[in-house]
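Handing you this structure, nothing more for now.
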Amino acid sequence: MALRTPEQYKAALQQMRPNVYKFGELIKDVTTHPATRRTIEGHAQIFKAGQCEKHRDRVIVFSDLIGENASRYLAIARNLDDFIAICKMKRWAFQLTGTCTGGRCVGGNAISAMWATTYDLDKKQGTDYHNRLRSWLADAQRRDITCCGALTDPKGDRTKTPSQQSDPDMNLRVVSRRPDGVVVRGAKIMIAGAAAAEEVFVLPGAAYKEGEEDWSIAFAVPRDADGLTVVEARRPSDTRDMEDGIDNPNRIGGITQGYLLFEDVFVPNNRIFLNGEVGATLQTVMNFIMPYRAAIGGCVAGQGDIKIGAAILMARANGISSKVFKDKLVQMQINNETTYGVGIAAAALGKAHPSGVWIPDALLANVNKTHVATLPYETSRLAQEIAGGIAETGCMPSSIDLESPTYGASLKKYLGAAVDADTRVRAARLVEWLTIGSGVPGCMHGGGSPDGAKLVICSRSDWEGSTELAARIAGISPPIAEPGTK
Amino acid sequence: MALRTPEQYKAALQQMRPNVYKFGELIKDVTTHPATRRTIEGHAQIFKAGQCEKHRDRVIVFSDLIGENASRYLAIARNLDDFIAICKMKRWAFQLTGTCTGGRCVGGNAISAMWATTYDLDKKQGTDYHNRLRSWLADAQRRDITCCGALTDPKGDRTKTPSQQSDPDMNLRVVSRRPDGVVVRGAKIMIAGAAAAEEVFVLPGAAYKEGEEDWSIAFAVPRDADGLTVVEARRPSDTRDMEDGIDNPNRIGGITQGYLLFEDVFVPNNRIFLNGEVGATLQTVMNFIMPYRAAIGGCVAGQGDIKIGAAILMARANGISSKVFKDKLVQMQINNETTYGVGIAAAALGKAHPSGVWIPDALLANVNKTHVATLPYETSRLAQEIAGGIAETGCMPSSIDLESPTYGASLKKYLGAAVDADTRVRAARLVEWLTIGSGVPGCMHGGGSPDGAKLVICSRSDWEGSTELAARIAGISPPIAEPGTK
Amino acid sequence: MALRTPEQYKAALQQMRPNVYKFGELIKDVTTHPATRRTIEGHAQIFKAGQCEKHRDRVIVFSDLIGENASRYLAIARNLDDFIAICKMKRWAFQLTGTCTGGRCVGGNAISAMWATTYDLDKKQGTDYHNRLRSWLADAQRRDITCCGALTDPKGDRTKTPSQQSDPDMNLRVVSRRPDGVVVRGAKIMIAGAAAAEEVFVLPGAAYKEGEEDWSIAFAVPRDADGLTVVEARRPSDTRDMEDGIDNPNRIGGITQGYLLFEDVFVPNNRIFLNGEVGATLQTVMNFIMPYRAAIGGCVAGQGDIKIGAAILMARANGISSKVFKDKLVQMQINNETTYGVGIAAAALGKAHPSGVWIPDALLANVNKTHVATLPYETSRLAQEIAGGIAETGCMPSSIDLESPTYGASLKKYLGAAVDADTRVRAARLVEWLTIGSGVPGCMHGGGSPDGAKLVICSRSDWEGSTELAARIAGISPPIAEPGTK
Amino acid sequence: MALRTPEQYKAALQQMRPNVYKFGELIKDVTTHPATRRTIEGHAQIFKAGQCEKHRDRVIVFSDLIGENASRYLAIARNLDDFIAICKMKRWAFQLTGTCTGGRCVGGNAISAMWATTYDLDKKQGTDYHNRLRSWLADAQRRDITCCGALTDPKGDRTKTPSQQSDPDMNLRVVSRRPDGVVVRGAKIMIAGAAAAEEVFVLPGAAYKEGEEDWSIAFAVPRDADGLTVVEARRPSDTRDMEDGIDNPNRIGGITQGYLLFEDVFVPNNRIFLNGEVGATLQTVMNFIMPYRAAIGGCVAGQGDIKIGAAILMARANGISSKVFKDKLVQMQINNETTYGVGIAAAALGKAHPSGVWIPDALLANVNKTHVATLPYETSRLAQEIAGGIAETGCMPSSIDLESPTYGASLKKYLGAAVDADTRVRAARLVEWLTIGSGVPGCMHGGGSPDGAKLVICSRSDWEGSTELAARIAGISPPIAEPGTK
């Protein structure tokens, strides 16, 4: 097929077995249900762009694998240019929708990780994982599917490994092995865009050790596979998505995250890309982390761009020139460019893996993760500071009240300023939505915690080398050794 | 009466004319309606404390005015000890409820401001405002009422003064003067705790100039006065207050803010404390700002204390010792103590006004406002960092889903960790509620914007004096003058 | 005598045994030697203020001990007003000299610490330390001496206690006990203002444990006691103090720090205030830390005030109005007021010790220490940013070059801007001196490290209490316990 | 010649006309004089690396211009790889010497700027500047010279342009035009590495306007050209470079900055690359700024690496494992990688100019400038925090005192800890030198001020575009216009 239209994408979702729930209700049609329609709409924007002369190059790329164009979300970044194009696409996707379209990007990232891992694994042990993945991916590109990625396990007690948990299901695992495939049980949680996805690409959630073969599993399954249930998570102000009216300020997109319950789901062999190779789990995780933590800087920057725009809208709605807030806007822009830039730098200092996938630099990618966990918070704070009291916590009566026959006219009179009430409320609600509402994507822990990133920074920094350089300059020879060592 | 019980307080609210609306609905009983009950409950905690041996001294104080004990919220701080007691009470009230009980504290602060202003005004022009206020206050103390404070006008175009607005109602004003009082029109917006209040103490929203006599008005009216309508504002996740179940994590308190529509409300003379004295509006605002911006540091610290506790609960729920997060907890505590401490310092460097009210130092009070607009954001971020992904944006299925006969048991299994799912979800929801939910009180712009505070810092700093000192040290004489001046 | 003139103070220094060295040279007269004259001059300013109607109340206070006025530096703060007066004096002393006059303030702080410690010790064990101290102090007040304080020991290997060091002298200790006193050996290092002091008040450098009686010693000795040698430390750009000309920009004050070598110094009994009471060393250190870390906020603020003035001088010298830098100046002022204010708050939340000395709050005093270790750095950075390239690192030819017959005129032509070269260079050199020159007082580690302060913050924070409050709000009962505990 | 040895480089310097002064003294031989030898030595390290198998590729590159290898400092970056190699070289040069070797890098950057400018200028107006520059550069590469860059003019009153100054010489200008060249007068100030340079590449210091043709001049001259005098600037602790002993902790390198006085210096035509083209000055400055502000992130990171090493040396010297300071070291590393990374990103998002030179992205390059003006300060503060009190301000007796026959042994005893005194003092002095001594390179204003960078950020940000995106999301159409505009 290749490069579907938004309509084709939505039709495909409608044909799937309904298995997404929210508030105890089975959602019959995710494309129209108030709880999920925004997410679908956001992802549909990307399909729309693929049909459009002006934006096509942002989202599609020629694929050697199938000899025709494919979505960048399903394509392996082969070089720096490809990778930068992905960073740009992610920034642009946030600019377009105001938030995350994680139902495609995490999956693409997971595919990249397995591209390298399966290549090395086959080289080492003569398995056939890489060819399986190539076949699956070629098919996925041709079908132009939306494939989300799923890593995070419930994990249970954080001080224990999977095999030490009182309940072995706390990390997704193989419960039985058959000639034609495996049966898995467990959950993957907080999975962005699951409702908007047609398939799920599953990776191990962490690096495992000897004896944890059953947890060392990677595969792809349809999102409506038998035994798989998705329960949508709440998020701040999520019920407003279900409302009409301007309290729900985003006309375009939105993001939801699902809990995926795998109750003995069968995965056929040709969809399994890692199966018991404990030793490859660390590499899998690292191969996932590097591109993810590099590219997420683009996401955060793109949302920051919208925060800038929303803050300016509010300033103007209040009758104030945006020039008054120049210093604050510059700081917001610096924050945006810093996460975007450090990600680009991680890419620029990366290198091609023998399998042909471009792997960003680990140190810079993880430095970026620490910025992603801090700078967007400051950008949000600045947006609230510029936008004023009614935007800070969305402190305005509801859109229902604005239409009250009794006092609605009075409210509208008082909510107007340099523009009418409707326009001003939309702008204020957008700031609220972006900074303290359902538009906050949750990227501090998404893709791993900042403390985890700091561990990688530790391990990738050459402090002993720095110490030797300093000792050389100061004429200290040999360099002073760590106390207690010789 | 003096020192009512929580039950008496609630009964009094129930006897008022219903005039509070939300979502287009007239709330018959604010004490039980899901949209307002939490706020009432939070304020009731303070009445409860007044009945309790252990906490009584926090919230009551002997009043010279009535010769018996009265609520601290209605008492004039006469000296540093009184003022510190107020700061401590505010910190404690946040610790108790997790959020703001602004229905009492802004009113008390407004009373303080007028205590000094009316005293000076009478001295200067022989009016009788101060006695009126004494009488009203003695009565308010005896009735032990909850009196909210109302300053913020809609303001319209921010580049224009009240008399320049195309609609003169954009700032609350006198529309007619009668022998027995005045009739006012306009709105006061984002008024904390209005639903929980029995009276409203109204101040001018800014300093006004010649020709703006009609906007220069201060008074107190019952919250259910004829012509006065309150429309409750939305805030992030506000509809969860209306839910049962654990997605609504605060069992104790909450805060709402109202839009007060004054549609030709009559105010009798004995409740008017400023009437056309344009020249006193600047002093009124400053007298309000100083104690408000000093004491708000205690509020923010008290909520910060709960953020610390909530983060520790989540760490432990995840099986992790809070010691692991020692550095982050220390930073949270530093943030708390900084806003609290700079407020205390403003008080300690303050002085008694001739009217007998203690006025904190303007420079330090406004420095504190800038901290209040930044440090709590970092404290929230750290709480989210400690608490992990499910708390960051409350990324868990709803409490309804947890009870689903189909998949509820499965969700509960996976949401448990070192504690059961119910406990862990409560802890995570509390972090969400405090940092990105309806517990965020909106204190960046509450009581004025940080940029406004910086203007006061400018005006109260002695930069010319610093320049002379520096010139003296460097042997530059005379000090270099500002370019363009002689 | 009481309240000496600057001339009397200098004459007293000239009569002491020369025992101060720098660059291998014995300084005959510290009041005139280029290496020490600035420090003496700075301290003399305080004596001058005591003689002056306008400033007298800043630096003197009525002493009950001697029934007449005494220097605040030698007086016990009995209440909050006294303590605030000390904070103000310290801020003012920095404003006056641009830097530290530590030769008086650390000593006064050490006296306070022992005032409380000796009182408790005598109560507990019937000793006579407190009376000894009263007698010594009354005499010191009457003589109006400059008494520096000495805590910091060389310490040797930081992972070992005094008794574990390979050389027991690494912490100052008693080497012999005699009926009439003790003989001490060791060193106290980095002692501010030693060259300007007439006596040295010595405290143990840390809390010691059983078996470390010999290190548990507190006493006062003349700075020129037999066996005591002072070697002045280097500091950045210190040799410029020895130059004439404008590269040495401070005409008024300066600070030096000395290494005090105690080579078997005899201390008579009436000057010993702690002798072997290991159990009192922790209290001694805490009693020192609390007032020191509260009041140092004033010091840092006072220097920050001069940084503001110096930055404005440079802006104007460049022809630029200081208004252009308003935002940066506000931030500098906020930094100044924060360290000052949190110190004042520590005092305001303090309480009187039974001995009559006012002890600030431990939590806030240590919070302030962390601000003192960070905010002045930002203030310096902002001063450099405003002042421009030639001030950032003092990047201008020397004053000798400015007078070169060959190219001096040319340099002066090019160094002038809105003012002549001489004036502009003085302003730039002052910024350099304050931010990266010999005027930097070293207050990050002075009085203990910020990490040490954080340990106290940990121990004084009530995190378990916060956890209980949070659990109560969330309806979690009992609160979740620390993993591994019941 | 090409690729000289360090000895050849030094010999060349010795053969130049002595015209460098410091402290009023003409320096006969810059390679041995204590005031300049460190700078020469630092630059010589680069020549040494060029001779060394291991490091050669860092500093040399094949030049198409001469068909053989040339120094990277003299080569045009033709693509991203070239540019990244320059960033790496600059980081490595700081690691090698602990500080700046600005005598080569600013010149190389200026050459790049003129490479593009002359190309465009010739295209537009048919001049021959580009060929002149090619010829000069080919010759410079063959001679393998050290060529510093000179932009900063004295500027006089900052509110006036060159033609408005009361003295027209406040910006370097042409005073007479001759058939064979021009005569220039004025000064270039704060020129890094001038003493170590053989030639000076001069650019206009700012963008000029019509009527300021005489100031619109770019050229290269020998550093010892007739009429050119260099006066070395002071910097913090600069006289220690002239000392022997360990108070001068850098055995390898150092940086000095000179004031270049042009007293009617003749420049022949073949060395003139811009002459009166006012319209090209803005482009010249921008072409300089972009690569400079991108690559300076490498410099700052390289010095930050040494700060890490020096801090670890001190921790260990104190007997403390560097692991204790892991969090602080991670933060230092994050700071280093951020300036390095954002610079790399500016390069990666850059593009090739038609002349063949790679021009980094303007927005990211200027964002980096703001990081360079802040993050290294925090890195220095952390180094001081780890290193402790004696390193914070270098608070140790001088090396002369350490050798005193009277008390030297005692000082050494007390200055030792886990290592001997000599080693510990070297480590502490290195921290001092790097953070508050003569090793601080002054990069906040070097290459322009952060406020200037913020202006570029303003102009290169697409805030109107962001506003349109936000308006589209919120359903506001058309976007709200700036007040006062239609």
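By letter and in written order, the chains are A, B, C and D; residue numbering begins at 1 in each of them.
By definition in this document, a residue touches a chain if its C-beta (ideal position, glycine included) is under 8 Å from a C-beta of that chain, and two chains touch if they have at least 3 such contacts.
None of these values were measured; they are calculated from a predicted model.
Enquirer: Report back the single chain whose CA centre is most distant from the CA centre of chain B.
Expert: D
Enquirer: Over half shared numbers or under half: where do the identical copies chain C and chain D land at their interface, same or different?
Expert: Same, since over half the interface numbering is common to both chains.
Enquirer: Cα centroid separation between chain B and chain C, in whole Å?
Expert: 40
Enquirer: Where the CA atoms of chain C average out and where those of chain D average out, how many Å apart are those spots?
Expert: Here the centre of chain D sits 38 Å away from the centre of chain C.
Enquirer: Quick check: how many Å separate the C-alpha centres of chain B and chain D?
Expert: That gives a centre separation of 52 Å.
Enquirer: Give me the residue numbers in chain C that touch at least two other chains, ranges are fine.
Expert: Residues 159, 319-320, 327, 418, 483.
Enquirer: Going by the contact rule set out above, which residues of chain B touch chain C in the complex?
Expert: 80, 84, 95-98, 246, 249-253, 305-306, 308-310, 312-313, 316-317, 319-322, 326-327, 329-330, 333-334, 337-338, 340-349, 363-364, 367-368, 370-371, 418-419, 423, 426-427, 429-430, 454, 457-458, 461, 463, 465-476, 479-484
Enquirer: For chain C, which residues count as touching chain A in their complex?
Expert: 159, 327, 483
Enquirer: Quick one: which bits of chain C touch chain D in the complex? Just the residue numbers, please.
Expert: So the residues of chain C touching chain D come out as 21-24, 152, 154-160, 167, 169-170, 187, 189-190, 229, 231-237, 239, 247, 257, 259, 261, 263, 318-320, 373-374, 377-378, 381, 384-385, 388-390, 392-398, 400-401, 403-404, 406-407, 410-411, 413-418, 432, 436-437, 440-442, 444-446, 449-451.
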